[in-house]
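This report concerns only the one structure given below.
Chain naming follows the written order as A, B, C and D, and within any one chain the residues start at number 1.
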């Protein structure tokens, strides 16, 4: 099948959505600029005109309210933040309005907006340009929160998000933008709230999200060589969560490891453990574990981020420990001299 | 000893802090008005003057940034939001600045600000006036989050918060304002990050916060009659969390119930379960449980809030179930006709 | 034509007054269990502005929303039922006094966060533009809402993109108990400041309903014709406490004298006198209009009172639209 | 006196230019691994404003902060080391290019969120007032920052409470690749709009460092004397791409012609010529000043390069002050 990059898949989803529905609009800082938000919005303005694809002032709270308002009258706005961190200026509109309008007006309003937020790691993005705050949004009833990993999922989930009648926070990890996968042409949807099983095994269940799934895939390849086989579940949406699949897997393996791109405290990865305890208690053979960021702001220097972020090596080590083995991830993985703070050769900062 | 109401204890803490340190200031919408934020700031302007106690425009984000700025030059501002919900307008300043300045400038700045936020339940506060979002703040490295239950703790913790060199989110539940407890005169501090053991027992550990501790105390009285005895830990601060006390208790009882004033998903009560699993696995005799709000916005009608909020009755039922008994909380508690949506006779809405 | 307009305007004024004062009367029965911000004294702005709007124009409001809801033609039975927390309420009992809606007359909603609906109005106006409709979207807010950054951001955006929005600021001098002096610069008129952002502005006496109407009609006409946003500031005064049913001139944040000064300028009485003087209507017609409205209002309260409370069961499935 | 001022101003200008261009040169070694926004072309504003401030006055800045840090007298060795992510960096390697600090000269910090430091400056000014000090607090920001609500909220508060803040808007016509036209109303000058909020304003040519200095000196004097806030807008232009070391006039968001037009108005060359014409200084003095600064800058890069990286161990204990 045809392969596309994650960023191209996003772009294609936009194109399809805007083609099939004239009410879909796309805006945000820089969506029509020469870089097109890492390529994800390139060409849209040329195809759909400046009424439907446009730049905005740096006014995050108002622009979010404007998306909500437009959506109340049938428009399906997709708003983009080049960094999730900027959305903190609009928490009022997201939490007090978008998340509540459907419920608090007795079901009479729908708020079909999608807010894209880009998160990242590495290359000195530092404390205010790399926060992975999906758990904050997941804490808010009325929001949906989506975190695709593959290009295939990115396209299908963006289409579903745009045509969902509820506000969807759509989180893209910058390190995924260049990864390729098979992407069918045309319109297809992936159900929000359904996870994807990436690999099968009886030893342990790994529940992962977004870029951490890529690290997990690498780890699992190495683990296989030591005859360790895990269920890897890419949750794809953080809210709603696909509990059925998670419980089913843990009931099979009896062991749970959650991977989070963010800080552990107050996180969805804690929830997964709490819900698994509630629903699969008698199946658990060992204590469930969580691999997340340390409880500190992101440091900037590469010498600091090196130990701050979690990688395949760390996954191998924790899995190994949970299974009573003594593999050393750092000895097993050879990164071939590639610096730890970039996703690949194609990435030449600063963005 | 002398008894004070929670609201009076807050008032007294202010008075002491402002007396012993001229750099303490108190501001926020209505702090100097005739109601004095439910009595908590009454008289302060008269005592300390309008330079140190003042009203502000409805500009939450700027006023938070102003607190941070002043604190960088030695002032200790205490800012008050009559509803936590309003603070959502200032998430940018709280998360991107206050929480990070100490760390990201290599330890050269301190941000000794306290932000009081009032939460509540009942009396039709509804979807945008009663959100209990402590877990969002707990998710942010660099913040401290405090939730006192008794008047005694309110005073000691507010004093500690004001004199802490870090940003502290100080959450007061409206239903606690009128509750009395012994409160010593003068300056005393309660360490942020230390919980309080409210009762002892071998059957089960309840970890609770803020107003839910009051409901738990009622529940425990009833449970005692059926010879059920629990450790009740009032965590008092949500971040940092007093893990030592929690783990110690769970190691003793082998059973854990967490009570939360907010929604369960992405919550500190999930964290407590995750951390207990990690640290006390072999002591656990049964699955840990969580009692929190359903994943929905707060409805307004009293007929809806009645089933939305968690009360002693629900605590009794879940404890009973966890211990394999069959007590019926609703049969055991007689509320004497008091409506469910007010904390007591003294409360006559609307605030 | 003008005759009918005036009578309709009078009806709006009297209906708002009657509803608000009946709420005040009955509030201490403690059956309306939610924060309630009454508009008594401020009816002139709501009625005058909405009289200038078409049925399919849109309106948003804030915490003090009853007057706007009623003036836009919202169903008062559903409104009172909402305040009583009943299943027949306009928001099915989930919203309360601060979250009213009646989409059938273009009243898209009120919310309790100061400034919260201001960008929503611009968003609806954007949608109207995209759909090539000529509807006007109006949002009502108080003098404190202009202190929120989102107000400024919205005006800037609406001007830059020529959005057909009517911004109505009801300046009643207070935000809860806080006078303008502690919140905004001395000697700075709100409308002048806002004009600096680049929007057309006007201002007027909010207690003269006809002036409000004329200025609004003029603004609405321009908005439709030129596809531009306009900002209007009207001075007015709330009679009762900020939130709740009582008078509170005794607690010290404002004076009885100030209150009486404004009570003299009662928009309802003012307009009634004007109609009588202009012989648009006579005393007996007035009495019969009033009687009709009083009946309607009483019936609405009865309806609300008699309605059932909503059921919690199943409500968790209404958080999302599916 | 004026002579020394001019030479100091020239030194500031040249030092900023030299640092920025050296970063641009060395950036593709990919040892500076963080987003970096260069100020080449905009030196006039930073240098002129800071020349008007005292050592113990305070300064905040934004993402494009190098010029302000240097102009206020910040230690460039620590700045370069910070960009290299070294333990000797001004923020111990935790902040990078967008988070600079040098408290010893009153440079209280720069941050990356547009508009984020604007209220901080008002807060410091409040503290200064409470402490009865006469310090001025200055905050630098771009033309996009005025679009953030927090800017407006801060100006409103600063005016209402007469806070001694100097707001400096560097209008370089762009926010990343977005021209002013898609962000702000046509024919609306920023300084005029801001004046409407109630603050004293002035504006000038940011590429004439002496004009910037004189207007700033005047403003700083008024702020100290009258205890009021003042807003100044200076027009200027960034030469290189928004973020990173390259030129990008080829990618289409602005024209080479526009760039060349502004390059003609190079503030450094302009001021150098002015000093030569006014005989403040001669060619050989200029060469020796330049040589000294170039040495200093090279030494700073060497220092940064040679410094150690910070250790992760223990850093988790530095999240909170204890």
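What we mean here is this: contacts are C-beta pairs under 8 Å (C-beta built on N, C-alpha and C of every residue); 3 or more make two chains touch, one makes a residue touch a chain.
These figures come from a predicted structure and were not determined experimentally.
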Go through the assembly and pull out the chains touching chain A as well as chain D. B, C
Going by C-alpha centroids, which chain is farthest from chain B? Tell me that one. D
Chain B to chain C: how many Å between their CA centres? 36
Whole-Å gap between the CA centroids of chain A and chain C: 42
Measuring centre to centre with CA averages, how many angstrom lie between chain A and chain B? 31
Junction residues of chain A, two or more chains touched: 56-57, 59, 61-62, 85, 89, 92, 96, 103-104, 126-128, 141-142, 295-297, 299-300
Interface hub residues of chain C, defined as touching at least two other chains: 89, 91, 93-95, 99, 111, 113, 147-150, 153, 156, 160, 182-184, 319
Considering only which chains touch which, how would you classify the arrangement: line, ring, star, complete or other? complete
Of all residues in chain A, which touch chain B in the complex? 61, 85, 88-89, 91-92, 95-96, 99-100, 103-104, 126-128, 131, 133, 135-136, 138-142, 239, 262-271, 273-274, 277-278, 281, 286-290, 295-297, 299-300
Taking the touch rule as given, give the residues of chain D at its contact with chain B in the complex, in rising order. 58, 89-95, 99, 101, 103, 108-109, 111, 113, 116-131, 137, 149-150, 153-154, 156-157, 160, 318-322
Would you mind writing out the residues of chain D in touch with chain A in their complex? 30, 33-36, 85-86, 89, 91, 93-99, 111-116, 144-145, 147-150, 175-178, 182-184, 243-244, 251-253, 309-312, 315-316, 319
Counting only contacts in the complex, chain C reaches chain D at residues 147-153, 156, 159-160, 182-186, 188, 192-198
Looking at the complex, which residues from chain A come into contact with chain C? 23, 25, 51-52, 56-57, 59, 61-75, 77, 92-93, 96-97, 101-110, 141-142, 144, 165-166
